[in-house]
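Mind looking over this structure? Questions follow.
Each chain carries a letter (A, B, C and D) given by its place in the written order, and its residues are counted from 1.
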Amino acid sequence: MRLDIIKRSFILTGIFISFFFIVSSIAPAGTIDLFTSEKGDIKISGGTAHIPVMKDAAKQIMEHNRDIRISIAGGGSGVGIKQVGEGLVDIGNSGRKPTDDEIQKYGLKLFQWAIDGVGVIVNPQNPVKALSKTQLSEIFAGKTTVWKALGGPDKLINVYTRDNSSGTREVFWEKALDKGEITDKANVVVSNGAMKTAVANDPYGIGYVSVGHMDNSTAPVILDGAEPTIDNVKNGSYKIARGLFSNTKGEPKGLVKKFIDFLFSPEGQQIAAKNGFIPVK
Amino acid sequence: MKERFIEIFIKSFAWLSGLLLLSAAFVIIGFLLVKGVPTLSLSLIFGDTSPADALLLRRQVLTGLFPAMAGTCLLVLLSVGLATPVGLAAGIYLAEYSRGNLKSFFSLFYDILAGVPSIVIGLFGFSLAISLHHYVKEIYPCLLISALALAFLVLPYLIRTTQFAMESIPSETRLTAPALGATKLQNIAYVLFPRSLPGIASGVILAIGRCAEDTAVIMLTGVVAAAGIPGSLLSAYEALPFYIYYISSQYRDAYELQTGYGAAVILLIICACLFLAAFYLKNQLMDRMLYRQ
Amino acid sequence: MTENKSNEIKIKTVNLSFYYNRLHVLKDISVEFPERSISAIVGPSGQGKSTFLMIFNRLWETIPDARMEGEAFIRLKNKWVNIYDRSISLPELRRSAGMVFQTPNPLPMSIFKNISFPLKLSGVIEKQAVDEKVEFALKQAFLWEEVKDRLSDDARSLSGGQQQRLCIARALTLDPEILLLDEPTSFLDAGSGQIIEDLLLSLKESCTILLISHYMDQIRRIADRVMELSGDTSNNS
Amino acid sequence: MKRECFAETGFLGAAVLSASLTALILIFMLFLGFPLFRGGCFFTLLTTPWNPDKGLFGIYPMLAGTLSIVFLSLCWAFPLSLGASALISVIAPTGFAKFCKKTVQMLTGIPTVIYGFVGVFLLVPFIREMFASGSGMSILSASLMLSMVISPTMILIFTDTFESIPASYSAAADALGASPVQKLLYVILPYSRQGIFAGLILSVGRAMGDTLIALMLAGNAVAVPGSILDSARTLTAHIALVIAADFDSIEFKTIFAAGLVLYVFTTSLILLVRIIGGMGMKNR
């Protein structure tokens, strides 16, 4: 009786799994020439600013060739670099340039396929729409604690920040705060998407996000006279800019190389542009 | 007079706390249903793929909940499949073979394992995967690792339910087969185990529920935001509870938020069904069904 | 009382004592039972009558904290064996010494499966042999006529008396040499009890029967010998 | 006989395998967190703040966050559960009591992530508007939701204890003309003291082990919280947030310290429950 049940559950699991293998091995014709008759998995993780582009690219590829599976995880730039370095994923994205140490240690190959900015956002209801760098530093250091001091409502400022693995945080910290302090009372969110959501839901919140992720659910803050828009990043008047990197361990091969090539292809670059980034080509 | 005051105070406190709890529960579930039920539709699950194509895996579902539901399903099957044989065997050992100090030693260990926070089990699974990765390049945090970690999580529950179900068999039944010349193993296989099946089955179903709802373990061991239906045991995968968590903090637009509510309602329905099934099994004398010739 | 023609000793105990934890229930009992007879065991409750029966199929060993001293012998296949010897196979001993309990305890399966259960345990699987055995045992237990058309029914759908006869039939499938009966009629009505008594009388030709009973009239009707277990002595009359 | 032996070995094997997992998890934590133990660094970690920019990797704020959220959630959940169990076992009419108990049993089956999800969209905005201070992601929100998560189990443990009181005690109280409330006060509660305590401790363990509620609702700030409206981070949420992929960085090692602290805490709680249980046996 007992054995029967165990056996049955094993067989069931087995059938279920082999079902997937069998079904997934019948090859169809793809329409993106690059990926025709390819099959296999690509694992991507890291930078969360990249996720919309990665998702759209993956969707296009997988729609045309369902033998290719692309899994996308977040985690932040630091995680992406480490995971690709340790060989846990095929592509590790980062919203900052990997350090020389990292490149050397892991033998990373860097591919910068777009340029992005990092901008400060507040809730659209908030009347404070422009700040100076000094004001910004004081807010993030926890020295300015009420909006009233900046011409806003008499409410406490809720600062949102990212965890240390974030490339967006790194760039923001370096270029906007000049490596100044970020208060430890700040709420910590896990991705660019989560930052946007948090500030969109909090009338008194302030945070920073990839320019590509900005939309009308949050309001951009003009920093020292420059508005964080993609045009201003392009023409250089908004200074807090960075590259979006996809990194591989060593020279990419096979399917992974094709994926990287796809990012640089007209289709791929168009996806980047559509998601609010500046294509490199 | 004082007695009477105390009496009234305690009575109203009890009613207050009972009603507070009930109304909080109804607000939570009601809120979810009001927001979530209108979103339920085939396109929520299958996106723009036709359901038949999706179910037969002819086309991948790229915008619906189907990959997350399939991921959760596979995960549950695998982890319960892994944990059940071991859990039942260990439970049988505890109930029928071990005595005295050995028994309390084992049960202490299982109690501790049951108390270990799920995130710690997830961390264990994650470090296991990374350590193994140094030797076997194919192993990453993946479906298999998640299933293993979840199996660790539910193992103590399975062991304990099996043990209690076997131990609660009355001694007349326990002696019947030995009096007819059954060996210990025969007694277990033909009488004791079948008799405790309803109890064990409800334990297994509750374990399924735990695997289906857990988020902390899988967060560290291989679940990702987008993966499609896993191609093998060593692929990353999606799961419903993680999807709900992910959407709650980083939905991109109103539509994605809607899918989050939809996913929450679906998960709630799945868990409620599992729970009712376990409840039904516990209360029904299932042996009638099982023993008919 | 009627004595049987051949009256060889079948079962004997030597200086038998029994303890539950520190409770001394059986004290230094040495007793003999002749074969092909019904021996009744009587005495006030709590004096270890049931325990005494379980000595002979060693079923007490499943009870925690129980302990036995002394020896017990049974003449199995005409050879005296010390049933507490290490070489004894427990399942085999229990197959030669069938036991029936106070409450009928059919297993939750069909009538047929109940009767054939001991055969399954001892590895008899040949369909025809099983069928024959089941029929024979049911006939022996006066139950065949009542159940032959509903062998696949749940055994628990039978009446109390039928269930008890089923249990006796189940014990008989393995041709036991000894039958241990623990108040088999106490939960039955007079009519059902009567049938069981007749059944026991007919079985005594093939088995040695030890019977615990509270009913003096029942003992008078069917028992060949009576053994009394009381406070601190056992009287064998 | 061979089969018997084989089977017993198999069952024993399964039992040993399962038990060894308990030890294996501890060994893993110790082994991977081992470099921290050298030079007493481990204990420094428990008392220093977290600020990787300045090279500080202490988990003291998370420890404080965990303790404050657990404590506060018990402050809500314990009286609530005690009251609700009294209602179910003693005070409410049978029909309503049954309904309550069924509902509570159903509540234990609701996934934690669903509580978290509803918390994000219902409780957090409510708290933010209500107190007009902070983002609403706070110890208060997390502890309120967490108390909803742990209450059902606590109630079930309490009602089981209440209902396990010997019928003779209950009958004696009834015969003396005690009202239900008097019976509760003078017979049931004193008799159930140990059961209540055990239920409380088990709930501490559950509250401490929960990841999602705190991760989703507490805001995850790395400061030591100063008020219940402050954002805070628990040890469990810390593990979920800092997870990375290398064994080298100090951040990564410190999450094993966090894991170890959680393991040790929950294990001591289990041991405590056992000791209480053992005492209960002797007293009865």
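Keep this in mind: a contact is a pair of C-beta atoms (placed from the backbone, for glycine too) under 8 Å apart; a residue touches a chain by one contact, two chains touch by 3 or more.
These numbers were taken from a predicted model, which means no experiment stands behind them.
Central chain (C-alpha centroid nearest the global protein C-alpha centroid): B. When C-beta pairs in contact are tallied for every pair of chains, the largest tally goes to B-D.
Averaging C-alpha coordinates per chain and comparing to chain B, the farthest chain turns out to be C. Each chain gets one centre point, the mean of its Cα atoms, and the points for chain A and chain D are 34 Å apart.
Centre-to-centre separation of chain C and chain D, using mean CA positions: 54 Å.
Centres computed as Cα averages put chain A at a distance of 79 Å from chain C.
Our note on geometry: chain B versus chain D, Cα centroid distance of 18 Å, whole angstroms.
The multi-chain contact residues of chain C, meaning those touching 2 or more other chains, do not exist; every residue touches at most one other chain. Across the assembly, chain D contributes 243, 245 as residues in contact with two or more other chains.
Across the assembly, chain B contributes 85, 88, 130, 183, 190, 249 as residues in contact with two or more other chains. Here the chains touching each other pair up as A-B, A-D, B-C, B-D. Those residues of chain A that touch chain B in the shared complex are 1-2, 6, 9-10, 12-13, 16-17, 20-21, 23-24, 41, 43, 45, 51-52, 54-55, 58-59, 62-63, 66, 69-74, 86-89, 189-194, 196-198.
Within the complex formed with chain A, the chain D residues making contact are 49-53, 61, 124-125, 128, 132-137, 219-223, 230-231, 233, 241-246, 249, 251. By the touch criterion given at the top, residues 56-60, 62-63, 74, 77-78, 80-81, 84-85, 88, 130, 133, 137, 140-141, 189-190, 193-194, 197, 224-233, 235-237, 249-252 of chain B touch chain A in their complex.
Per the touch definition, chain D reaches chain B in the complex via residues 1, 3-4, 7-8, 10-15, 17-19, 21-25, 28-29, 32, 79-84, 86-88, 90-92, 100, 103-107, 109-118, 120-122, 148, 151, 155, 179, 181-182, 184-185, 205, 208-212, 215-216, 236, 239-240, 243, 245, 247, 255-256, 259, 262-263, 266-267, 269-270, 274. Remark: chain C residues 57, 59, 62, 64, 90-95, 98-99, 101, 103, 105, 107-110, 112-113, 117-118, 120-122, 152, 154, 170-171, 174 touch chain B in the complex.
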